[in-house]
Structure formats: structure tokens, C-alpha cells
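As written, the chain order gives the labels A, B, C and D, with residue 1 at the start of each chain.
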Amino acid sequence: MNFDLSDEQRQLAAAAADFFTSAASPGAARASLDTGAPIEPGRKAMADTGFAAITIPESAGGGGGSVLDLAVVAEQAGRVLAGPSLVTAARAAVLLEDDADRLPALADGSAAYAVIEETGGPVLDATTADRFLALRDGALVAGGGSITERAPIDATRGLADVTLDDAEVVAKDGVARWERALQVGQVVLGAEGLGTASKALELGVDYAKQRVAFGRQIGSYQAIKHALVDAFVGVEQLRSLVWWAAWTAEESPAELPLAAAAVKGMAAVVLEKAAETLVQVHGGIGFTWEHDAHLYWRRAKVDRFLLGDDVEAFDTVARLAIAGAAK
Amino acid sequence: MNFDLSDEQRQLAAAAADFFTSAASPGAARASLDTGAPIEPGRKAMADTGFAAITIPESAGGGGGSVLDLAVVAEQAGRVLAGPSLVTAARAAVLLEDDADRLPALADGSAAYAVIEETGGPVLDATTADRFLALRDGALVAGGGSITERAPIDATRGLADVTLDDAEVVAKDGVARWERALQVGQVVLGAEGLGTASKALELGVDYAKQRVAFGRQIGSYQAIKHALVDAFVGVEQLRSLVWWAAWTAEESPAELPLAAAAVKGMAAVVLEKAAETLVQVHGGIGFTWEHDAHLYWRRAKVDRFLLGDDVEAFDTVARLAIAGAAK
Amino acid sequence: MDFDDTPEEAAYRAKVRDYIAAHRGELMSVSEGGRRAVDLDAAKQHQSLMYDGGLVGVTWPKEYGGQGGTQMQQAIVNQEVAKAGLAGFIGVIGLGMCGPTVIAHGSDDQKSRYLGRLLRGEDVWCQLFSEPASGSDLAALRTKAVKTDSGSWRVNGQKVWTTLAHVSDYGILLARTDPDVAKHRGLTMFVVDMHAPGVTVRPLRQMSGVAEFNEVFFDDVEIPDEERLGEVGDGWRVALTTLMSERLSLGGGGTDVGTGLDAAAAHVAKRIGELPETRQALVRQEFGRQYAASLATRYTGYRQLSAISKGAMPGPEASAGKLAGTKTGRALADLGVRLLGDEAVYAITAEGDGRWQNSQAGLPGMAIAGGTDEILRNVLGERVLGLPPEPRADKGMSFNDSLRIGASE
Amino acid sequence: MDFDDTPEEAAYRAKVRDYIAAHRGELMSVSEGGRRAVDLDAAKQHQSLMYDGGLVGVTWPKEYGGQGGTQMQQAIVNQEVAKAGLAGFIGVIGLGMCGPTVIAHGSDDQKSRYLGRLLRGEDVWCQLFSEPASGSDLAALRTKAVKTDSGSWRVNGQKVWTTLAHVSDYGILLARTDPDVAKHRGLTMFVVDMHAPGVTVRPLRQMSGVAEFNEVFFDDVEIPDEERLGEVGDGWRVALTTLMSERLSLGGGGTDVGTGLDAAAAHVAKRIGELPETRQALVRQEFGRQYAASLATRYTGYRQLSAISKGAMPGPEASAGKLAGTKTGRALADLGVRLLGDEAVYAITAEGDGRWQNSQAGLPGMAIAGGTDEILRNVLGERVLGLPPEPRADKGMSFNDSLRIGASE
């Protein structure tokens, strides 16, 4: 058994960390929220680095990497609240996988896609998109769209309402691919959430070591210490699940539906807990606009509803587990 | 506003405390579980003191008191894990309220009733009963029954499976009365649970003041202190709800259905939390047969399923609240 | 047991209700008062008119312009004000905290200069205690007051979380006058003129985007020694008066935290039908739990009110209500947001409703402001359950020495 | 990343599997080993036969009769033993804890007398550390060993939670030999003959009704000085070897806590159809959450196993698995009980199944035994997250002085 990242994946993570920490930040997330400043690092930089095209085959100009490779990068993006989301890149790469025209354009960033959910509603990364993918009567379609921007809770997610115009059929029978794209998207969303939760935990731990109350660093109080430990346990649990689920995408596809739902649900819960702990550990300061804590909190409050909510995800986990046991 | 017990009720509580602490105990509960010893104080003593007949009119030989009076006594019974339950007495008193023959026999203890749930299943206080009340096709019936005893989790609840024999009709249209009896029973169950939870909390607090670890009383550690505080908050919340719900039984009957369901659900949750905290605070010793902690824990694990479970109760609360808001 | 007024309470309530009804047109409504930029003059007039009706300073002694009434009368006024949808008082901090502190520790001169104007809403007051480096551990504050040669005090430092500072005329200021003694012993309380040179007020934006609080900076602010409240070095004891008055002015009473239980029920009733049956069951389960918990908090508040009406002082038990109320308030806000469905990821719904999102963003602050959940649990554990306190690492240390703790990090 | 064996691991696994298959008829199954009254001779024979196949003492040095193998090989043996449904070893405590302590700190004489018999299951061992007054705070133990004029030690005191004491031949005993120094410094470790005069073993019944542990009383028990393990006063350091070995022998690996995830899934699948649709949704929601959490714990264990296979030592991170596993184990037991419907209030269902009720009654102990949840959170907070420790009230105090703490209550 070797349930661990490879050396190449660790190098990839380090390179991603370098890029994202210089190209994005909670400060940029605050500016997007405050003044509508562009989301960082933005579509172009994500395409130029090749990170957004990791899972696209080399023949189409992508990285030819695995979902696990992408997950490793997505974790780093999540740590600094980067946008647009690699979730969108990953889903589009699956949806356009046999499209010889559109896939290269996705890979080199000349087309900026977003994916409209089957049930409608807010579209992730819509505010930076010019093309949209959707499922219509079982067919996968692509087209332009009209965007209605709305007051965001977390501006980095680029959410907007979208009406699809002029759709062309990409694949007549798109349902299976659509499902897989959604599941891969859930895994990548979980990987971003892992990074966000993990960074939130670190910020909380750092503050708990510095801040003194009643003559002791507050991290020495069990109320603070144990809350941070619970967040830590959650983060480590989530990390295992993200790695496994990403691995199943290529290596054990029959397990992907359950693994993706488990990651989706668990990431929602773990990230929300970590972000709330971050705010609470900081006391008053964590509750101010200028502090980064609320930006992690905002990401948590929004992410839990993306690509289905946690309640739906856990229902799916249970249904699949029960079906498996009843066999 | 005077949302408080009267002086008479406080005296009643003190008298009940005197009786129950001498006539029952966790030790007796352990003996019942271990050797099948009779449940203490038992039907006869409960009838002789008049506590079981508080809500029966004086004209039928009862105390002519209110449900709140009974709740005050039930709390004291709950503190020492007394049996049989005053829930059974309270329900039977409502069900037989206009039965000139059976009510006096209930009041003086010459008949020992238990109530079969509408959906069947285990019957509270069946092991000490000789007569059973049930709802059959909308009619309230009474009769003898065949008892199948089963391995108990908490022996003081006298639970057994019962098949009704030779039933006579007590009231042709018994549905409304049946509902009210159930609701009054839920309130009294909540009052017993309040006593049990409150005593479990006190035992936990006492131990946390005595036990020393790493040079400090363990109650000085936030992990222990805060767990006990959360149990305390729960107990005080439950107390308010029990008083209010008991008060509605006579003073505001339209509110009783919601109040009774709220008490039922809240008592299940609060008691379970208090009992689990009691075990956890005691560490290893709380996990031994000889210590009383598990007897409180057993009561909690069983009570949550009596007269419907917490899930059903909260569903009822929500349905009634939503119906009220939609008006 | 009953939930009705006594005859005396009923008579008082009728009087209050009549006065409010008679002046309803001139009084400010809660929606006007709730606006971010309050019309200061209107707010002052509102309080003045209420004062004329005997509805301000209900429990204050008559000699200082109050009504000499009971806590229960104050609770009745609060209820009627809420029922009528009237705005709260711009003098809320002054009435609840600063005034009682001046009454208990002020000089005759201070009392005569300040209390009447405070009651009538002519001056607005704020309370300057919390600092960036001293939140839960209030006595660790660093703002310094140094005695000058002329006998006055020179103040330097920063306060934070100061409600109403941006419109205040005066504040009560807790400052360190001796750093060489234990932290509780080196403090002194002052009345500070918020218009004095060197006082700078900066609004503090919260994570919800709203600025309900301020930061206040003191740069060489001069305070005459006559504006000292209590003895030099006695500031901690004076501050305890203030904090006790705060608890009295909050006073429990079972009011809902957050958006309110009835609003939540209406929201659930409106939205639940849009969901599939199985999902409705999940919503009902959560809503039922929170509804029951909210009722329990409400009736626990009524128990406290009943005790107050019999003359009891609100004790630390009131913290149980805040803990429980914050918890259910958060859970109801979360439920409210979730019920918005697709709209839950935006700050405002298509219908223009942002109540649930605002509540979601505001409630984490409830678990922090006015005592964090952790501090309240300590207080309840130690003062109500009698559990032993935490060991204090800075026990017996001078303030200056205690500053070194954690400094090696 | 993969979940397969390396070629070396696969070869080793095949060897293990072959040996077990060849001797399956002579080996004890888990159901036989799990009976309350174990057949002691059969259990010893089982271990002896496994030893002959090289499946006992896998990681022990060859010079002491072990296999000189790796932690990963031990993990493979554990997996194959579980897969084949074989009983665990009666020597589990001796192999995991006592033996490694003798190897690290015993005299040559002790090693030659004890280790071979221990490996072959000829002697059963137990570990005598915990006491009624020292649970989490192990070093506060009170059992006294006093040196006699003849140079031997006389032991008086009581131990508790001693697994296998009732069938043990030897135990490692931590006792206080000097109460006048700080609590960690006055301890010494001994090998005690459990058949010696003055040793009394009493089974300790748990809340579930089962007696898995014992109390052990020492009344003037004589221990020769040659049976000391390590130096006088060095017992704490010796005990740390034992506890470290315990962690290694547990080793993580993602095994389920409680009744097991597959059993839970089968139970849900069997029972859920009996419920109304809306209630099914509630069950699925809870089950889905716990199922996902259990998978996360399982794969976190696999991460640890992978690290071990690369030569890493299991660190305090393993406690995260116990915390998470205990939590989901409890939740699944609760779900299992609830799914019994009307039967949930009885200890055994009409079908004779008591698994879920037993699990419910047994799992509170999981949150206490082997480190309470609270202690594990301290360990993780301090040793993994690097948060500062609690202040220690008994720091620098002699054991005798520390006994006075809390005595005034």
C-alpha cells in the first residue's frame, strides 16, 4: 500500500503554492467584495500557468495529468481563496473531452467556460465566463449566455444567474459524462475546501499562540485548544477522503460516485467548522472587516451550497452505501 | 407575571423529596437490573402516599391537584430513578376521568393500570400492572393482559410486551381524551427526566470538585467545566419548558399539544446529554457497574423512546408551529 | 403561576401604553432608529419626549431625575416600547451603564452637571473599556493616564468596540494609572469629553459590512482631575458597578436572539412547501428542535423576570440565556439561509430580502460580544455551579511583568 | 498512489496466508477467543502454533526470539489474522507492551527467563499502571514499594483496569518508591509474579455488565530486587517505553471502532424499509454523515500505514483516528439502536440480537479507555499543533505535597 502523494505531486503542490501565494490572497478577495475588483489570479493567469488545464490531455494542449494532480493544485488555490475555481476547469475538461475544437480552446484559455447546473440556479465562475455548458434534454450543449450579477457573499466564486442563448449540441447523449463531470467537480471543490480549511486552521493556531488573556496564551485554554484540535481532526479526515476520491476518478471509477458525494458533504462540514472556529478564536478582531477571518468564513458559507449541498451529498452517500450493502 | 412555583408546590416538592429519597435509590435500580428485585418504591407505596393520585379529583379519592403539582413530584421521583412512573398514573387518571367505578380503584391503588401505546410495542410499567388501557378503533378499552418480560436496559421502567385479553369499552369515542392523556404523560415524563438530568448534573459537579488530576481539581479544566455548564443550561431550559407545559394542561389547553411535544423532545435530548456527561466526567469509575452513573445513563437511553421518540416529538413541534404561523 | 400582570403592574402598563399612544406621532419608530445614519436630533427629541412621560430612567433614584421605580416597571416599559415598534434610546449606554456609574461614584458636581442632560437625551454617552489587547481579560488594558504637573491627567491609548462613540458627547474611560502594581489595582476611571482635542473616533466595520462600533484613539488627551470617577487605583471596582448595571439593563426576559422566532416560523411556513417531502422532514426536524429550544429560552427569561418582580437581582444565571439564545439564534439563521435555496449564496434575494444572510453574518458576533461563549461558560461554571477557577498565571504579578508573558513567541 | 502491496509485501502476505491456511483447523477462531471464559490452554496453544509460523513477535529482534521484521509486516499479519477470522493472542499485552519494556530495560537474566515463554504463549502478562486515584494523571499513582532490610521490595496498593490480570502469570508494575520527590521522579518499575502471596485479582464489572478488566490488590507482596526493571526512580522513563510500544502495537491502520461500518450498512439496509419515507430521509442523512466520516477515518489509517511502511514511527497523530473513530462509532451504535424501533428499549431483540445495545453501552468506555477524549485533545493540541500546555499546579511539588491539593474540599 502506498496511500501518499508522489514526489512529483509534492513538487507540483510546491509550484502551485508559489504561484497562488503571489497571485492571489484574502486581501484580493476582500477587494473583490468591497469594490468589485477582479477576482485573482483570474482566468488568464490560471490558463498561462497551465494549472487550469492539468486534466486535459497533452494532445489537446493540456497537462495530461490526473484528477489527483489537479486536487493537489486546488488545495493550494483554496488556501488563498483564489478564483476562478479549478472546479469549473475540471468539469469543463470532462464535458469537452472528445471535442476536438472546443477542448484546445479550453486548454489555452481562449474560451472561458462556466457550467450551468442541471437544476438551474447560480452559476459558479459565471462573472468571468463567456461560454456556458449545460445539459438540455439529455444532450450536452454549449453557448453564450446573459449574466445577471447579484450581491455576493463570497465574490471570489463569481456566482451569477445565467440565461443560456444560442446553444449548440456538443454531445447528444451527455448524461453519463455530465454525472462524471459533476463528481470530478465535487472532488476538486473538496480539494479547494481542504486548502481553505487547512489555512483557516493554521491562522487560528497562530493567533492562539500569540494572544494572551489572563496571563496565558489563549491556546493553553482547553476551550480554544480543543476547538482547534477538532478542526484539525476534520482537516486530516478530509485530506484522506480527497486523496482517495481523486484517486478513484481514474483508478476505481465505480467508487467515484460515492467518494465524490462523501467529499462534497465532508468538505462542507469541515470547512464551515474550521472557518467558524477561526472567527471565534480571534474574538472581536476576527469579527472585523479588515481581518481575513471573515473571508474564509464567507467562502465556507457559500461553498457548502455549490454543486449540491451537504444534505443532498450525504443522502447520496447513504443511498449508495445501502444499495451496496443490500447486494 | 408570576412564572414560578407557589409556596404550596415548594412544600409538595420537599415532601416528595423526603419520600422518594428514602423509598427509592439508584441502588434499588441496580438491584432490579441485576437480580430482578422489585422496582422501588413500587405501586403500593406510591398509592399510599397519594402522589400517584394527585391529579385525580378529590371526589374520586384523589388529591385534586394540577398537572403542575404532579410535575413537581415527578421531578423528585426522577432524581432517584423511582418506579413505577408517574407518567402511567397521570395518563390513566385522564383516561378514566369520568369512570365512576375505575377511577376510585386507580386512586386507592386497588387496580394497577398500564397504558398500551396506540402503535403497540413495549408498555411502560407493564411488569407491575394487572389492568391495561388501550385505544381500539377509536374506543377506549380496559382489560387484563398477558405480559412477556424482556431483558431490560433500565429495569425501573417495567417495560414488557403486552397482549390485551378480555377488553371492555370504557368510552366509545376515546380519541380526544387519548391524545390529551398522551400529552399529559409526555409532560410528566419530561418532569421525571428533569429530575434525573438535574441529579446527574449534581453528581457530575460534585465529582469534578473532588477529583484531582495533574494537581488540579478536574472541574477547573474547561473541557470538564464547559461540558457541565452545557448540561446545566440544558437542565434550566428544560425546567422552564416543563413548568410551562404543565401549566398549559389546565390553564391554556390549546397550547398543550405543542408544549407537550416540545417537552418530550427536549427532555430526551437534555437527559441524554446530562447522563453522558456524568459518565464522561467520572472517567473509568463512571464506567463501572458499581457506580450509579450508568443507571442514570440507562434511564436516559430508554426514556428517549417512551411515548414517541425525540424525532417524532420535534416533527410535531415543527408541524404545529408552521401551522400556527401559516394562519 | 400565571403570566398576567399584578393589578399594580397592569395599572402601570396602562399608563405607559396611554402615554405612548398619545404621543405616537411625535415618537421615533424602530425602523427610523435602525437606519445606519441616525438623525441625531430626532433621536434626542424622541428620548426627551419619553423622559417627559416618565419612561426614561425608570429605576433611577428620584433625586437624580429618575422615577424611583422597579426593575419590573422597567421591563414593562421595554415590552411596551417593543410592542409599539418604538426606537430604542440614543442614550442606551448612558442610561444603562454610564449614568449608574456616575450616581455610584461621581462627585456632587459631576452628578448635577451630567445626569439630567443624560436622562433627557441632551448628551450622548459611551463606555470606553475594551481595547485591542484586552477583550475577555478587560483588566489587562493598556491605555495610560499619567498625572501632569498641573494635576490633570494626560491620556494615550486606544479603545475599541465602542458603541455610539461617533455621536457621543462624553464617555467613561477606564485607564491605567499605575503599571507597577497588579493589573486590577492600577486602574482609574474618568469622565472624558469626547469633543476634547486628541480624541479621534473611527468607525469599525464588521464582517457583515456594517459599522456598529468604533475605535477611539487618545493622543495626549487632557482630563482635569475633577473628572475622575472614584479614587485613583479604584477603577476596577468602579468598572464592576458599570458591568453590574449593564447586566441589570439587559435584565434577561426571554427576548429572542437574531431574527426572532415568529419571523423564523413565518419564513419556514412560506418556504417549506417548495421542497420535496423528504427534505421537508429534514427541515421540520431541525426547525422543531430550534423552536422548542427557543421556547425554553423564552420561558427561562420569564422565570428571571418573575424573580426580578419579587425583588431579586439578576445574577450570573442570565448568561445561560445568552448562551442558549445565541446557539438557537445561529441555528435559526442557518435554517433561514438554507430555506432560500438557490438564493442562499447571494447576500440579498431576488425579492430584496437579506435578513437571513445578515443574521448569519451578524450572529458569530453574538458569541463574542458581551462576553464570549467561553467566558460565559467559565462564569456559569465557577459562580453558579461552584467549580474551581482556572489557575491564573499572572496572579500576583505587576502589570508590567505580566506583559512579558507570551512575548517570547 | 496505490492500495496494493509492493512485491515484497505481497510475497510476505502469501507466506502468512499459506501458513494460516495450512493450520486453520488447529487455530482458534475469533468467536472461540471472544467467549467470556476463554479456554486458557487452547489460547496458549493457538499462540504457540502461530509463533512456530513466525507470526508472533514479528517486529521483535531475532536475538530475543522475534522475527526482526517491519511494522508493515506486522500490519499484514494483523490484516490476515482478521481476514481469516482468527482469535487475537492471549499474549496481546505481553507482546505489545510488557515484552518490549523488558527488552529495553530488563537484565540479561530477565530477558532469558521471560521473553521466549512470553512469545510462545507459555506465560500470560499484564500491565499494572492505572489506579483508582490516577487515571489520566498516571504519574500520580499511589501503590508503594518499600525496600526491606533484606534488599527486596514490599508492595502495597491497588491497580485497576488491568486487562487479563485474572489469567496472568506476570505483570509489569509501576510503583512509588519515593514520595518525597516530584511525582514523576519517585517511581520504579518491577516485574511481579501474579501468583505471589498477597496478590488478589478481582474482576471489575463494567456498565455494560461485562467484566473485561480487573482490579488487582497488593498486600505486602514481596518482589526481589532482581525483578526491578530499570533503575530505582527511573520508572516513569521505563513506563514511557511501554506506552510508546502500546502505540506501535495499536499502530493505526483505519480499523473501525464499534460494530463496524459494513455491519452498520447491512443493518440500515435491512431495517430502513420498515420506516415511512420521511423517516427514511432522516436515517439516510445521519447514516450518510457517519458513513463518510468512517471512510475518512479508514483512509486516514491507510495514510498512517503507508507512512509506517516507509519507516515512520506512529506519532501522536494516531490519536486523531481514535477521536474520530470513537465519535462515529458512537453515532453508528446510536443509529443501530434507533433502527430497532420498538425493540430499542430492551437489551436484546426478539430475534436475539443485542449487538447494537451492547455497542451503545460499550462505546462510552472507548471515549475514556486508552486516554480520554479530553486528554487526547490535549496531546494533539500540544504535540501536533504546538499549542502551549496547561499550567501545572503541581509543578515542582513533591508527591506528598501534591496530595494536599483538593484535600480541603
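A few remarks follow.
The criterion applied here is as follows: a residue touches a chain if its C-beta (ideal position, glycine included) is under 8 Å from a C-beta of that chain, and two chains touch if they have at least 3 such contacts.
Just so it is clear, the model here is predicted, and its values are computed rather than measured.
Interface comparison, A-D versus A-C: the higher number of contacting C-beta pairs is recorded for A-D. Of all the chains, the one whose CA centre sits at the greatest distance from that of chain A is B. With each centre defined as the average position of its C-alpha atoms, the distance from chain A to chain C rounds to 40 Å. Each chain gets a centre from the mean of its Cα atoms; for chain C and chain D, those two points are 52 Å apart.
Chain A and chain B, compared by their mean Cα positions, are separated by 50 Å. Among the residues of chain C, those touching two or more other chains are numbered 279, 281-282, 285, 374, 377, 390-391, 393.
Within chain B, the positions touching two or more other chains are listed as 209, 216-217, 221-224, 226, 311.
By the touch rule above, chain A contacts chain B in their complex via residues 221-223, 226.
Of all residues in chain D, only 277-282, 285, 391, 393 touch chain C in the complex they form. The part of chain B that touches chain D in the complex is made up of residues 120-122, 150-154, 157, 159, 209-217, 221, 223-224, 276, 279-280, 283-291, 293-294, 297, 301-302, 305-306, 309, 311. Across the interface of their complex, chain A is touched by residues 130, 132, 135-137, 140, 160-161, 204-207, 209, 279, 282, 337-338, 341-342, 344-348, 350, 354, 357, 360-361, 364-365, 367-369, 372-374, 377, 390, 392-395, 397, 402, 405-406, 409 of chain C.
Of all residues in chain C, only 1-6, 9, 262, 265-266, 268-269, 272, 281, 283-285, 287-289, 291-293, 295-297, 299-300, 302-303, 305-307, 309-310, 317, 320, 323-324, 374, 377-378, 380-382, 384-391 touch chain B in the complex they form.
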